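First the structure, in the form of structure tokens, and then the observations on it.
As written, the chain order gives the labels A, B, C and D, with residue 1 at the start of each chain.
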Amino acid sequence: MIASKESLADGPDGQAPQETFILNLGPQHPATHGVLRVRTTMDGEWIKRAEPVIGYIHRMHEKMGENRTLAKFLPNPSRIDYLSAMHYTHAFVGAVERAAGIEVPPRAEYIRVITSELNRIASHMVWWGALLSDLGGLTPFLYAFDDRELILDLLEGLCGARLTYCYYRFGGLCNDVDDEFLQGTRAFVKHMPPRLKMYRDLVTDNIILRKRLEGIGPISAEMCRKYGATGPVIRGSGIAYDVRRAEPYSVYPRLDFQIPVYPECDSMARYLVHMAEMEQSLRIIEQALDQLPAGPVMGKVPRVLKLPPGDTCYAVEAARGRFMVRIVGDGKDTPYRVKLRTPCFSNLSLFEEASRGMILPDALAMLGSLDLVIPDIDR
Amino acid sequence: MRLPIPFRETLSGFKSLLIGMRITLGQFFKPSITVQYPRQTLKMPARFRGRIELIFDQATGKSRCTACLLCQRACPSNCIAVEGARTEGEKHKHVTDYKLDFTMCSLCGLCIEACPFDAIQFTKVYNAVSFSRDGLNNLDLVREIETKRKAWLQTHPPPAPGPAASPAPRQPQPEASSP
Amino acid sequence: MSNLLSIEPVRILTYLVGICAFVGANAAYLVLAERKIAGRIQRRPGPNEAGYGGWMQPFADVLKLFAKQVMIPPGTDILLYCAAPLMVMAPPLMCLAVVPFGESLVARNLDIGLLFVFAFGSINVMALMLGGWASRNKYSIISAARVVSQNVAYEIPMLLVVITLLMVAGTLDLNELIRQQAGGFWNWNLLRVWVNPLMPVTFIIFFICMLAETNRAPFDMAESESELVAGAFTEYGGMGFGVFFMAEYSNIVLGCCLGTVLFLGGWQSPLPLAALSGPLWGPVWFLLKMYALIFTVMLVRWTFPRTQFYGLLNLSWKILIPLSLFSLLLTGAMMKLPLVLQRLF
Amino acid sequence: MKPSLEQLIADFTQLIGPVPAVPAVSPPIAADAAGSPAAPTPPPPPAHPIQKVDHAQRGYDFDATVAPAQVVASSELLDRHGFALDTMTGVDWIAQGEMEVVYDFFHPTANIRAVVRTRVPRQTPELPTIAHVFPGANWHERETHDFLGIRFLGHPNLTPLLLPEDATFHPLRKDYQP
């Protein structure tokens, strides 16, 4: 039996203040989605310090990149963030194409945009369901997965995989879209708006959810900048930073869409950014389907792809923010160095500062609103 | 009449709760959408990426694999091991041993893209399971071909031993796919 | 039969067995019902493998729980650790002794029945606190602290609501309370707006407090599985957890029984037709109303996210308590109004 | 505040001084695919340590090579201009006996990507920390230390981040043997 608070405090070398205790959230905690561990120093339910401890599923993808030929590394980016595999493959493929000067046919670029945006919606749906299950509402999770299933079926019919697609190739795509996919995507674009309204009625307008998220976990724009947070986090802090606009890639400049920005800096703002992004993604998909040109989906690629010396960056707006591949070549078919800049790494790094002084359920709500995928942090 | 803000907030909040309950109640009366898996199964799409298999060529009753090792070289996980042998008078080698370590395979499909003879394809097997690691880490794809060949021989009896015995089955196959 | 039941020990024994069976069956099958309802809401069939349509599922669950080793974590206070599940199970069993399922279908018709129910009902929180405290787990202790402050906070509006009803009814006898609601659903306390125009609001307050008192979502601070793993129950395994689980459902049954008695006219039929009322119809109406309330509880559970802990206390202290106080005063005023008017004119 | 590229170049020129501070160091910039034998040979050094780069070809707009001692000053400079730390990484140029550390910056509003690089000798890979300028660099520096063994002097907590707590190896060094 615990006689006093002192026996709860087992801080480093017994130096923890008497009134606090250490609470280990994770690596197997229901709210940390995977193997994130947060070492919290608590004063009652108030968090004095929450230090994320990461690296539990570190796989050293960067070393794998150095050891393999470019083509053999192609399945890897999907495994970094398994929820937005398309974006990650896009960034890696894009970096190689930029370095080697490979032209991608426009049809392939449009299909890349369509599949990327579908993947973004699917990823946001998982986030939405997971956030709600963090907050104790389990039903939206199932509704979100119901709709996500449609996307996964579309992408499975397209490339044969449901999660780790490995669909893009240097210079194009591994296969062309068929009519089934195009019709299915159009049907999906029509199917979604009523569902999004249902999400709004069921969850977004719900007073309990609003009380849980409004004003909780403020992250100022300055903090986002200092920590390099991107994606919905920075857009929920009032800065319209989106790689699709800031460093235009693929055919995004030709498409008309808005960057949802909410200036409230709280978890609700990040929530609303996610929800608005789903609508914008639907808009992008619709336009891209209308503009989809005919033609080949594979450009001219040398038989043995070699990277010229020098470093090249390629950033994409993944579902969770800015994902960048920095690839350093030395004239061989294996990269000299592959650096993967993942959004969740930066987004999580501000958690220690942002969570100071919050109470536990609020901190977990904020952790949920940061939209973390742990393999993406650990790489 | 405008109510004071706390009252309005309480009322609108309560209304939002009722709307939420109406939605879930509406879903309650809709049919369930899940597939009762072991009894019902889904049809895998045409491009589904299951584990790979050697294509059994119905025309020849053999695999088209020539043991060129391109798939083995393309594989990021080094999970394919191919061996081939050349018989007298044939242009290409033929595969004698094709081992797949499915525990390491990441189903990326690079081997299939690398194959110049269209000799391998994805199966539609989505539930490959085994009680031990040995059941999956050393799959013998050539043996599968031989099993199919036995069934094939039932319907395609070998031509009577005559002058054109051995080259006969090879005749219908065009050599167009050679590089 | 009636002769036999009039012998006191036989009567007590009969009802003891009856209540235990009722609570046991309800706890077991409400778990299944909840899972089925959750499944329906989430567009899936729910448990459907054990037995036809899953009706054997409770047996499978209980069998599994019984088969588990009883683990007492090192460093726990063994006495409290073991006592907590019993203490959480006992109050609903006790309270059901005075709940009239039919006009004569009541174990002990106490004339202070309501007081009895609330006296025993508040033991529940102590059990959870002890369980959380004795487990020697940080999550459990946080949960225990939450549960206590939550239950204290929600006891107040609940009692205020009940006092409102007492003022109207003038009795603590549950059967008498029901008899006063005779004559059609418009005479139920829920809709007696001529006594107090806030009566439906009072019922909603009662319902919310009942959810909070039984630690049901969206007020499931005791468990709050995504924050505190399993809260006060984290260290309980096997049947220890099973008893907590059963107690949760028994408490729901009790809470919904009370709601039925106090607001929905108990065993009274909703329409004053002779064909629909009578000693046989009484339990039918009672159970129908009770299960409708339980369904609502489950629907709420599967619709809303969990409230934030401080928001929950705010709701009680800032909204529910003022509202119920106002309702209490209004009732008092409306009761005295005729007298005042009489004196004036 | 939206900085222009020209302003950035001017400021960096002032920072680095009239003479290029690291003349001997050659960042891997120019495209010289022809003379690349098997060993990783870096291309010839660029004309100037401060370069304007075509974003469409390289993925960034501005490239500055500074001395190790100027890292903090240049990150402060970029901080004043409102840049955000994108990432940082290291490259082990084992043939030259040097480690390159690359700091990536993006601007949240001005659409400029800046890269600052520096080189430290492989024997004593030490750099001042910029964690006090950009708190986000804390984790990035720990990660770079994990992977390449570059020590960041003044870092508050240079313990392994992604590798196990007791890791003493640096897997991204080219001479790393697992």
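We take it that a contact is a pair of C-beta atoms (placed from the backbone, for glycine too) under 8 Å apart; a residue touches a chain by one contact, two chains touch by 3 or more.
Only a predicted model underlies this, so the values are computations on that prediction, with no experimental measurement involved.
Chemist: Pick the pair with more C-beta contacts: B-C or A-C?
Modeler: The greater number of contacts lies at A-C.
Chemist: Roughly how many whole angstrom separate the Cα centroids of chain B and chain C?
Modeler: Comparing mean C-alpha positions, chain C is 55 Å from chain B.
Chemist: Round to the nearest whole Å and give the separation of the Cα centres of chain C and chain D.
Modeler: 65
Chemist: Determine the centre-to-centre distance between chain A and chain C, using the mean Cα coordinates as centres, and give it in whole Å.
Modeler: That pair's centroid distance is 43 Å.
Chemist: Can you list every residue of chain A that touches 2 or more other chains, as numbers and ranges?
Modeler: In chain A, the residues touching two or more other chains are 139, 143, 146, 202-203, 206, 208.
Chemist: Among the residues of chain C, which ones contact at least 2 other chains?
Modeler: 41-44, 302-304
Chemist: What are all the touching pairs of chains?
Modeler: Chain-chain contacts present: A-B, A-C, A-D, B-C.
Chemist: Can you check the complex and tell me which residues of chain C touch chain B?
Modeler: 37, 39-45, 48, 299-300, 302-304, 319
Chemist: State the interface residues of chain B toward chain C in the complex, per the touch definition above.
Modeler: Residues 6, 10, 17, 20-21, 23-25, 27-34, 36.
Chemist: Could you pull out which chain B residues touch chain A in their complex?
Modeler: Residue positions touching the partner: 9, 12-14, 16-17, 19-20, 23-24, 27, 33, 45-49, 74-76, 106-110, 113, 122.
Chemist: Which of the residues in chain D end up touching chain A in this complex?
Modeler: By the definition above, chain D touches chain A via 28-33, 36, 38, 40-43, 55-60, 82-87, 89, 91-92, 102, 104, 106, 108-109, 111, 113, 115, 134-136, 138-139, 143, 147, 160-164, 171-172.
Chemist: Which positions of chain A touch chain D when the two form their complex?
Modeler: Answer in residue numbers: 54-55, 58, 60, 62-63, 66, 95, 98, 221, 224-229, 234, 239-241, 246-247, 306, 308-315, 322, 324, 326, 328, 330-332, 336-337, 339, 341, 345-346, 349-350, 353, 378-379.
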